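Paired with chain B in one complex and with chain C in the other, chain A is shared by the two complexes that follow.
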Partner chain A sequence: MAKKGWDEFEIGAMLRTFDGKIDNIAGTRQEDRSYSENSSYMASVADWRLIKPVFNKDYCIDCQFCWIYCPDVSIISRDKKLIGVDMDHCKGCGICVEVCPTNPKSLLMFPEQADEETEIASWPKKDEEEA
Partner chain B sequence: MAFDKMELKDIEVWDGNFAAAQALRQAQVDVVAAYPITPSTPIVEGYAKFKSDNYVEGEFVMVESEHAAMSGCIGAAAAGGRVATATSSQGLALMVETLYQASGMRLPIVLNIVNRALAAPLNVNGDHSDMYLCRDSGWIQFDAFSPQGAYDLNFIAFKVSEDHDIRLPAIVNQDGFMTSHTAQGVHTLADDDAFGFVGTFKPMNDMLDFEHPVTHGVQTEEDWHFEHKARQHSDLMLKVSPKIDEVFADFEKLTGRKYSQVECYDIDDADVAVFCLGTSVETAREVAGEMRTKGIKAGVIGLRVIRPFPFEQVQEALKNIKAVAILDRSSPNGAPGAMFNEVCAAMYSHESSPLISGYVYGLGGRDLTKAHLVDLYNELQTNADAGKVTTQLQQFIGVRGPKLSFL
Partner chain C sequence: MSEMKKIKNLKEFSTSADRFEGANLLCPGCAHSIIVREVLNATNDDLVLAASTGCLEVCTAVYPYTSWDASWIHIGFENSSTAVAGAESMYNALKTKGRLKQPDRNPKFVAFGGDGASYDIGFQWISGCMERNHNMMYIVLDNEVYANTGGQRSSSTPIGSSATTSPAGSISYGEKMNKKDMLGIMAAHNIPYAAQVAPNKWKDMVKKIQKGFATQGAVFINAVSPCTTEWKFDPKDTMHITDLATDSLVFPLYEIIEGKEFNITYRPKNVVPVEEYLAAQGRFKHLFRDEYKYLIKEWQERVDANWSYLQRREEAKV
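Entry: the complex of A and B
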């Protein structure tokens, strides 16, 4: 955000979430909303993250548990199907992995620098004992 | 939902608390969040009764502390309503943290402070310790000298505070018991005239505007905090004072009652003057009149607006006085009096300055008598004749025991 001078912003400890007037925001997807530059949606907090979730769609049953439990609304779901993780807002807490019910899990945590394709290629097999 | 109007006589016999409660009713305050404390309780109790009796359309929120009271007011003001409350002393001390939130968030709230001493020792009577407690809180601060002032200044406070160029909360001070519980004749406004003066509340950046969502109370660190505080200070220094003058003028047009940021009585030809706050102003005026019959050209200056401090108006009022006494009704606890310091700062930077001496008086409701003031004016005349302050710079008035003076 541009560093404005003391006389260049609106008064009060107040920020606007959207530019201009909004309408039916609940029915509008995040990527289609007119978020202002002050909205947390526009800010990346990815540098907080030490480990990251990797999503393997081959095992996902679209139960939406991860979407419900994610404390930062970082699981991107469209038409009740998990399509990925918002890596600008995910802080790497691992709750999505914890709640994932599939065997093997469809989400696993890896070091931040891990290569996604390599990890998916060497994804753990089904745990027969647990099954 | 309709509410009933109240027929008032042109002059009603009201104490300061009831006068303030009537003003809150006539301004049709939307939300009062309050916690009771002596001697301010009857203000919010009065509003609550008016509401129960259908004389006001609003919400009374009973909370668990003064901290919560102001927090409730902040929430209601951010939501977008006309908001007021009242407190005193220990309650104000608990509220102080949230005062800074209200002003930094630029929310118009009117807080009636019925000035009372701060413990220990515990004391319910009037002094200005609590007034000084929120001196730097970023609120606009008015001071009433009588129930009439407590009534009028509430309307003025709403109008200044809620102006979209201002948007800063405002305090109306009145002296505990001497004003709050002493009934006097109060010239009233008819309900329609009073509400017409204050006007319908105009929301700004309100949370109830769902088409323009806002986040109130955001955090800023070293990258933004200084700019926000600078903006608030700049608005207090440059915008508030002209707005107060404008509203004072509008109020005079409506009522004929004239208010000034620095109230001057018999000052034009005065050699000596007493500079004070609250009910002491009226006592000092009476004594000044009597001193004039004895050949001492005495005047009185009462500070009507404490914040923003009317620096230039104080210079103007004092520039031709020979000797002035600054009265602080609060123990400075290890320094010259707060008001003494502020007036000295104003006069030090002016080409002509009176001899300035400071007096601490009236703590915990101790009376300031006419005899005290007669002695004081005589002392000032001695200073004026000698061309220097003949006493120590800080003296205590009315305290038992050996004479107490410093500096």
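Entry: the complex of A and C
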């Protein structure tokens, strides 16, 4: 589509989400679909982000609160387990950190340029006052 | 295919394959997409969707991209309801004539609209769809303002809120009119199901949406959708603001069946003072000035009166 000139579109052209055949969309995971380049899944909004969530799986209890409340479908959850954050589509709003119920939180916001491994190594300890 | 999806807990719910894609252009922390995801994941059936002009439409269909993995249409500001009603009528006609290739797939027909598109501009069209009792669901993403065009007041904007066409200042305290009771009006069409939902109570919401999908006939859903840009709060606080809205009873969660049977579906354990809800948002900041403080008291009285009215209604079963 992008290869065509401005006047070469078909009149009333439909924007297809998928290229290949998908039988059961409701049961097919996003990474298993064959997207056409017209799906916003193929785009990225990573440059919107000033702070990024870092996921520390040591404290995660797989409650899935972050999955349900993520506005950008960026929390990747497979087989009832939280796997990580989709950094191409995360806009860095921080809702996942706010709704995380563990102590200390298993998701925290850090500046975009922060190194993930360093931050996980120096993860805050359990907050005794709240416990 | 048309069996109701079983969702017992959040872990089970999280195995859903989302049909709404990321990299849509909604603001960070927008509640619209949280609501849309909860609705779309509540069923495994095929979906026929429409969206009225508004944030949801302009942000999910920016040419050449689309964020929807389902049949989706946008026509005008006012007629997402009639577009879906038309599709539903066509589907029924083709089914009767036996011209459908897969007649047993039972798609669900859903229209989305903002509060501007529903409370003001598309009001007559929605009313028509509800009156004709099409087998469809209309969902209002109620952010109480025309957020897409820069924050003009709509008939959903509550008293005291500062909007760009009803700004607060030394002379005015902002919006002067009370919020329209849209759910009451729609329930008065005696439609099979009408309900108010909030994204933070996901279980209540999914239950109501599934009930709506299982209902034969028109369904009207009003969903509170805090707007980080126009309500003026930090994007990370979206769920906190929604919690305050439901727990302060500014947005009570209830359902009306056949316009008669009235059920309150969520009773907060600790009712939060309305003042806390107002204080959390920048659009009500001016109410905390001395000359406008009486409005907070009026707010509390109005919310209390409404809550006791709803409880009386539930008790009397009318």
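One rule holds in what follows: the second predicted complex is superposed on the first by the 122 of 131 C-alpha atoms of A that agree within 3 Å, B and C clash if a C-alpha of one lies under 4 Å from a C-alpha of the other, contacts with A are read in each partner's own complex, and residues count from 1 in each chain.
Here is the rule we go by: contacts are C-beta pairs under 8 Å (C-beta built on N, C-alpha and C of every residue); 3 or more make two chains touch, one makes a residue touch a chain.
Small disclaimer: the values here were computed from a predicted structure and weren't measured.
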Which superposed partner A:123 touches (first chain B, second chain C, both, neither): neither
Which of chain B and chain C A:17 touches, first, second, both or neither: both
Dominant toucher of chain A (residue count), chain B or chain C: C
Chain B versus chain C as contact partner of A:33, first or second or both or neither: second
Partner chain in contact with A:59 - chain B first, chain C second, else both or neither: neither
Partner chain(s) touched by A:7 [first = chain B, second = chain C, both, neither]: first
Touched partner set for A:110, first chain B, second chain C, both or neither: neither
Touching partner for A:48 - first (chain B), second (chain C), both, neither: second
Which superposed partner A:79 touches (first chain B, second chain C, both, neither): second
Residues on chain A lying within both footprints (that of chain B and that of chain C): 15, 17-18, 25
Residues of chain A defined as touching chain B within the complex: 3-7, 9-18, 21-23, 25
Chain C - residues contacting chain A, complex: 10-34, 37-38, 43-46, 60, 62-70, 199-200, 202, 228, 234-240
Interfacial residue positions of chain A with respect to chain C in the complex: 1-2, 15, 17-18, 25-30, 33, 37-45, 48, 62-65, 67-74, 77, 79-80, 86, 88-95, 97-99, 109
Touching residues on chain B, where the partner in the complex is chain A: 104-107, 167, 205, 211-218, 220, 223, 226-228, 230-232, 234-235
